[in-house]
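One structure is given below, encoded as structure tokens.
Chain lettering (A, B, C and D) follows the sequence in which the chains are written, and residue indices restart at 1 in each chain.
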Amino acid sequence: MTVQEMIGAHPQPPSIDRDALVRCIDECFDCAAACTSCADACLTEDGVQELVRCIRLNLDCADACDATGRILTRQTAPDVGVLRGAIQACAAACRACGDECDRHAQHHQHCGVCAGVCRRCDQACNDLLATIG
Amino acid sequence: MTVQEMIGAHPQPPSIDRDALVRCIDECFDCAAACTSCADACLTEDGVQELVRCIRLNLDCADACDATGRILTRQTAPDVGVLRGAIQACAAACRACGDECDRHAQHHQHCGVCAGVCRRCDQACNDLLATIG
Amino acid sequence: MTVQEMIGAHPQPPSIDRDALVRCIDECFDCAAACTSCADACLTEDGVQELVRCIRLNLDCADACDATGRILTRQTAPDVGVLRGAIQACAAACRACGDECDRHAQHHQHCGVCAGVCRRCDQACNDLLATIG
Amino acid sequence: MTVQEMIGAHPQPPSIDRDALVRCIDECFDCAAACTSCADACLTEDGVQELVRCIRLNLDCADACDATGRILTRQTAPDVGVLRGAIQACAAACRACGDECDRHAQHHQHCGVCAGVCRRCDQACNDLLATIG
């Protein structure tokens, strides 16, 4: 909600589709938080050895989502190549992390929630990419 | 909302007051996003020279809030000294940034919105600190 | 130097060319620091209005380099699609930021230094990509 | 080396002791990288269960060091309260992480290297704090 309000208060209107942009920023920051939490929750599980790949991809995805969320938040003098690279990197991280989380969703509720957030962020990235061309 | 759901799905209950914790995490990530946006919006303004201190404090506050949000999200084997240091650093950044944003709120809507977010995050940090003791 | 030592002390050897990897990680973290500094130095310049695009790309590049440096540092259970996306996003940010910094190098020493660091990081990313295939 | 060069090329001289500042920035970024690597190396170890607290503190320390390194890199219009909070938070994270890494240094070389880096960063933070007063 704050992101939408801040983008609305920005002196420069977004150079790309506003709804797709706001949704993608929201999903990026949401996914960064979910992945940070899922990595930590996995660490507490008894069967942490089976979750090593999940933790690693959670950490990667949190970093990619956080950087992409920050980059997309900026409206001043954007470079479309930078935007496209960041969004694609974020989508790749969300896809890999969502796939891995899905494999543990039956046993670990946090992996199930995180998988859903990763899917939504991946989708928001692809939708935004489609509007950039 | 995702943060609350993730903390609820975590195998280890928070070592500190859950409501104060979830609220503080939410405010940290919200404030990081608002400050990233405000720094960028200031950069676009005609009178950017008068907003140089605001931009600098926005960037500091975004970094402090992001790090603190990540640290507070983790529930595994917490160290209270690390938590306290992070929360205090975040509150200090929110206070300084909120004060500076307030000075420009009449002329720039984004500074007004950002000042409000900084105030809420500062308050959430102090409320959480009070529960830690 | 620490990165090389840490990668050497890691129980799992890198899945990709060690020299190209260590160099790319070093360049990513170096470039993140240089871009953070250049954005701030630009902010202090009298002609900050002409440096608005430089500041914006500096901030984007710092975020992309920091995320990519973190992702490349991890050797556990890597996903090649995630690595490739991150490296490509980083190279795109370094290219755009280096080009813009170059345009101001004659007037601002910090832009000249930062342009050089961006070039090296872009090259290190491309060299690492070539070893991944 | 790049940090020193960038601070030297900055139009505004540091408001605090230059040598202590440059050393602290270098140690912060070095420690962020070492902790990111140590967390990942711990994850690969057979006895990962015994390293759960180490991984958690590694991740906290990486986040605190990264944020503090970015904040200290900025020389424009500094707020001493923000600087002090960030440096203290970083020192607290380095102390806790260094202590935990030390406990595993005999069995894991990466913990030994990381403990040393944490000690140096903690010291650099305290030395810088002493110059701020």
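One rule holds in what follows: contacts are C-beta pairs under 8 Å (C-beta built on N, C-alpha and C of every residue); 3 or more make two chains touch, one makes a residue touch a chain.
Worth saying up front: this structure is predicted, and the values here are computed from it rather than measured.
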| item | value |
| --- | --- |
| Chain D and chain C - chains in contact with each | A, B |
| Interface residue overlap between copies chain B and chain C, same or different (over half shared) | same |
| Furthest chain, CA centroid comparison against chain D | A |
| Equivalent interface to C-D, taken from A-B, B-C or A-C so that over half of the residue contact pairs match | A-B |
| Whole-Å gap between the CA centroids of chain B and chain D | 21 |
| Centre-of-Cα separation between chain D and chain A, whole angstrom | 27 |
| Overlap residues in chain D, where contacts from two or more other chains coincide | 40, 43-44, 52, 56, 59, 66, 70, 74, 76 |
| Contacting residues of chain C [partner chain B, same complex] | 39-40, 43-44, 48-49, 52, 55-56, 59 |
| Residues of chain C that touch chain D when the two form their complex | 2-3, 5-7, 9-12, 25, 29-30, 32-34, 36-38, 40-41, 43-45, 62, 66, 69-70, 73-76, 108-110, 112-114, 117 |
| In the complex, chain D residues that touch chain B | 52-53, 56-57, 59-61, 63-64, 66-67, 70-71, 74, 76-79, 81-82, 84-86, 88-93, 95-96 |
